[in-house]
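Two complexes come next, and they have one chain in common, chain A, joined by chain B in the first and chain C in the second.
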Partner chain A sequence: MKRSKLAFWGFVGPSLFAFSLVVIIPLLVGIYYSFTDWNGIRSQVNFVGLTNYLDIFKDEGFVQAFIFTTKFTIASVISINIMGFSLALLVTRKLKISNALRTIFFMPNLIGGLILGFIWQFIFTKGFATLGELTGQRWLLGWLSNQETGFWGMVILMAWQMSGYLMVIYVAAIQNIPKELVEAAQIDGANAWERTKHIIFPLVRPAFTVSLFLTLSNSFKLYDQNLSLTGGGPANSTQMIAMNIYNTAFKFNEMGVAQAKAVVFFLVIGVITISQVYITKKSEVEM
Partner chain B sequence: MNKGNKVILRIIGILTGLLFLSPFYIVVINAFKTKKELFMDTLGLPNSFSFDNFVEAWKRLDFLSVFFNSLIITVGSIVFIIIFSSMAAWMLQRTKSKLSNLIFFGYIAAMLIPFQAVMLPLVRVMGNLNLLNIPGLMFMYVGFGSSLSIFLYHGFVKGIPTALDEAATIDGCNSWQTFWHIIFPILKPITITVAILNTVWIWNDFLLPSLVINRPGTRTIPLATFFFFGEYTKQWHLALAGLGLAIIPVIIFYFFAQKHIIESVTAGSVK
Partner chain C sequence: MKLKGKLLLILSLLIVSALMLVGCGSKESKQAADQVTVDIFQFKVEAKDALESAVAEYMKENPNVKINVQTVGGGDDYGAALKSKFASGQEPAIMNMGGMQDVKDWIEKLEDLSDQPWVDKAFNGTLEAVTADGKIYGMPFAQEGYGFIYNKSIFEKAGIDADSIKSFDALQAAVKKLDAKKDELGLKAVISFPAKETWVTGLHLSNAAFANEFSDVVEAFNAKTIDFKYADAFKKLIDLQANYGYKPDGTKGSLNAVDYSTQVEELFALEQVAITQQGNWAYGSIAGIDEEVAKNIGFLPIPVVGAKEDSIPVGIPMYWAVNNGKDESVKDAAKDFLNWLYTSEKGKQMIIHDFKFIPPFKGYEGENLEPTDPLARDILKYSNQDRTMPWVFMGYPTGWGMDKLGADIQSYLAGDLSWNQLVENAKTTWAESRK
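Let's turn to the complex of A and B:
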């Protein structure tokens, strides 16, 4: 069936117009700006070559944000996936309360990161302090007042928010496993742990690929929760890359440098997520 | 599974459930307290359930107008996302050409681009076009939302036999009629998914609106919450009442559309 060019552009055009103007053109303009001394105010923009890119690596704030973001991503990806998978195992055990539990576990995921960050700011600074004084547990005092508690505060917040999301993905995968497989293993005398390890784990691998991708990119790009929970403080010690880019641009008006950081950020995310999907896909089992 | 195990699992389930709910519990009970009460004890129940804090937070947030800003932006953007993405996805899937494949690939590849990479030039380009306002924001959501939406529609269209299109053409329908009368109604399940996934994202989005419509009068719920919170950090009783108000619409939405929401999230991630 042949359709005219007019029909093609009539249907694809409106979406493509918005997409180009909002994503493609700014991306290209941004790459260009990363090689200039653009500061957002002057209309005169000079080409400065690789200066901005070289400056990034001398920028201690950025390097420190990069290291913090990487550590945070590792900790949160591991904890969210373990929790999400455990919750999925729990709610697929056909308990009477399974549905109610699923509803509860998923709920935090629908609320915006900004609001969740504020809620947990209260819990960590006030709730933990009260609990600490009541029980005499000193480690509950002074949360978010140093880098370590800020770090774990963000990991806890993200685990609470995202594990319900991963639970839903893992549940779908677990329910796709043929019942006969599990029953056969049971008859052969495999206990619950052996069944999980040898049947459920290998067969939920595709869901694992997706979950790893989602948690990796979400954790690495985190901004809202970072802003509302710790604000990057104390003394920028919990600042993540996205916030560092924002501050470089809008607090210090170094648009060219900020844009160079954003390009590096984009490349790093691209390389990490594409290689992750490639590696985890390779080890999936066919059924 | 034997009975004893089931009891243990149920207890674990109930405890984990309570743990997950505890942050909401802490917000709610403290939002009812007076400043002094909250200072004395953050974990106990309030002395009285007075709605004073909520009334005060409602007024200072200008909640009704902020809520309507969020609603207009979300609903408006989603209507346009659905119309334009479904049209584009159908045409891209049905047209076998290099150009068509290239455009589709462009949409998919763009999913990896972090917002920060386009943020600064975007504000500048939109500023030059005089689009740093609510219609401009909706336009940007159509652009940013198109990647995932087209991807989902494209996958669904693949499953619709082309014979249907052909039959419509033989009956004298042009492309426009074929799409709106025959194809679009069949897309309903995936349209629901697209609508829900975009709703959750746009309703909660903070960074983009903060760059585009950050003025009194056009603020959305996340923006207003951010400013309100900045002003009242020393007054947790008011701040928490404000957070409570901000959450209520989401909880209501979840309560009514839970099944669709969970299905959409699964569909959106697994595909």
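Let's turn to the complex of A and C:
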């Protein structure tokens, strides 16, 4: 008994130590600062109770960022998962180039978010503009200069980056499906769509749970792509919550308010992702 | 046996993790007792190489001082990085302060520099922004100025005398003349107007209006409210640039996608526009694209109708400050280095030729101490003719100029906000931040 306890703490201890050092302690300190009027610099810190929490709901910028982030999350969760799943179906067919395709589709995920943002900024503002001028398609001009194009720009960028990653998860799930099941269905006369719908879909449900969780939380917390692609502009209309919090803390020097926003944000993400995992887990099927 | 193996494993894991942690903490190498180390944490990316060679020069003369330079570029990034430096305990000895708000925020960390020899060499009006309770907390970095940069050869071809442009009407007439000859001159548009860069619109351009409402940065900093007296003149400046500006898809809203590099490096340096609003720091970017164009440029004033119409804003963008939490020996070395850099003969040469700064101090009269680039020379010309206005945007409430006014200008250009509403918003948001 004693022995396994020792082994348990021997393995858990170091990572628990690191985890509390970089996650738990900062979280607690952050919650503490959310009740103060600290500006990030002063050594004197005053306790102000719940004022910060009341202030953030009066902050139009925060509310707007919240709405924008929610819309973005919905659009990108749907687009990333559909693309990831379609790519996975494509590369699990027995094609000669499917290994090469897997590498190519996964590649964007290896580029850092900031750099991707700058690359796509160039594509949207320069590449699209040139194409638009050549073909006379006016909708290709002036991208990222308003909220609408900024929004779709970010959705496209994230779908391009993340779908390769989800493809890998879905590929693993699809390959785990026993061949017999698919073959049996085929013999029974099910066509490709019916096989996908009735066999592959239900059996990759666990992968759906993971993928939905990843895309949901990643899209909500997005910062670097937002910063480098649109910088929150124009007129702060494409500012997402993470950027709003960062700006409050470091541009406006309101560390207390920013921490309060971060705590609210943390709770919202927690509630949404946990209930998502709970709901999708319930409808998973066992083989 | 089994138990021993596991224990060994645990022990080695613990040792490894402990070593890793220790490794993180013991970066600082040991120093000889009389050796002084000064860490500089600075913001001006363009001056990085020049500063590093100046530091090497200084260390040659003072072998007991070791100076490390670290550079983090961009306004916001620097402020956040400096805060995390202090929070993590790796406080620099020399850092940059942006002006009144920074001094107010950081005052308990700043060393009083009033007794320094360079103080009486500073130009009038350069130290007010870093003075609090009669003490001086910052040393001016350099003088900078901005206005409408124009391409002299295009103006010549169009037959416009740039020196005669000393009013808004004259500027508008010149712009219209250029617009009429656009195709002949090979221009895409007359002006490049970067509405995406809210510091250009919300800080620099709006400064023209507020520099005439407030007499200096201190008054702006202490103002609880604004009248926005020159809102109409400000609107004229924006409309002129928007109407004759390069618009990616032809609508004014698309001006919000024009950024600094499109404005300066693409449109202006490639001679696709004739006029653009920027400062002398843009010289490097333009020269990097086309040396010939860069030699042939100058400043037109930013004319504010009803107030100064022949002036450009000139001011101090940044200040050096010394951290008062350091040992006396470190602080002395830090102060001595700054003083040496701006007042010694060698230092002056470097300020002019390597840093390419417009010196913020007197005593740079020598023949080979003239600024080398045409924009800096133009700024000196304006200064000597007394055709300058102060930089008051550094007295705006924190974040107001870029994130409130600049963002509203973007909405105005996109047609989502009326001008009257913009003016109202500016008044209320200013008052709110100064409550």
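As a working rule, the second predicted complex is superposed on the first by the 267 of 287 C-alpha atoms of A that agree within 3 Å, B and C clash if a C-alpha of one lies under 4 Å from a C-alpha of the other, contacts with A are read in each partner's own complex, and residues count from 1 in each chain.
In the analysis below, a contact is a pair of C-beta atoms (placed from the backbone, for glycine too) under 8 Å apart; a residue touches a chain by one contact, two chains touch by 3 or more.
Treat the numbers as computed from the prediction; the structure is a model and nothing was measured.
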{"item": "Touched partner set for A:Leu144, first chain B, second chain C, both or neither", "value": "second"}
{"item": "Which superposed partner A:Ile123 touches (first chain B, second chain C, both, neither)", "value": "first"}
{"item": "Touching partner for A:Phe252 - first (chain B), second (chain C), both, neither", "value": "second"}
{"item": "Which of chain B and chain C A:Val12 touches, first, second, both or neither", "value": "first"}
{"item": "Chain B versus chain C as contact partner of A:Pro178, first or second or both or neither", "value": "neither"}
{"item": "Touching partner for A:Ala242 - first (chain B), second (chain C), both, neither", "value": "first"}
{"item": "Partner contacting more residues of chain A (chain B vs chain C)", "value": "B"}
{"item": "A:Leu87 touches, of chain B and chain C: first, second, both or neither?", "value": "first"}
{"item": "Set of chain A residues, in rising order, touched by both chain B and chain C", "value": "3, 7, 10-11, 14, 18, 40, 129, 249"}
{"item": "Complex interface listing, chain A residues touching chain C", "value": "3, 6-7, 10-11, 13-14, 17-18, 39-43, 125, 129, 132, 138, 141-146, 231, 233-236, 247, 249-253"}
{"item": "Residue ranges of chain B in contact with chain A within the complex", "value": "1, 6, 9-10, 12-14, 16-17, 20-21, 23, 26-27, 30, 38, 41-43, 84-85, 87-88, 90-92, 94-95, 100, 103, 106-107, 110, 112-122, 124-125, 139-140, 142-144, 146-147, 150, 162, 165-166, 169, 174-176, 179, 200, 203-207, 222, 225-226, 229, 236, 239-240, 243, 246-247, 250-251, 253-254, 258, 261-262, 265-266, 269-270"}
{"item": "Chain A-touching residues of chain C, taken from the complex the two chains share", "value": "3, 6-7, 9-10, 13-14, 17, 76, 79-80, 83, 86, 105-106, 108-109, 195-196, 198, 247-251, 253-257, 259, 262, 398-399, 403, 407-408, 410-411, 414, 416"}
{"item": "Chain A residues within the chain B interface of the complex", "value": "1, 3, 7-8, 10-12, 14-16, 18-27, 29-30, 33, 40, 87, 90-91, 93, 95-98, 100-115, 118-120, 122-123, 126-127, 129-131, 134, 160, 164-165, 168-169, 172, 207, 210, 214, 217, 221, 223-224, 227-228, 241-242, 245-246, 249, 255, 258-259, 262-263, 265-266, 269-270, 273-274"}
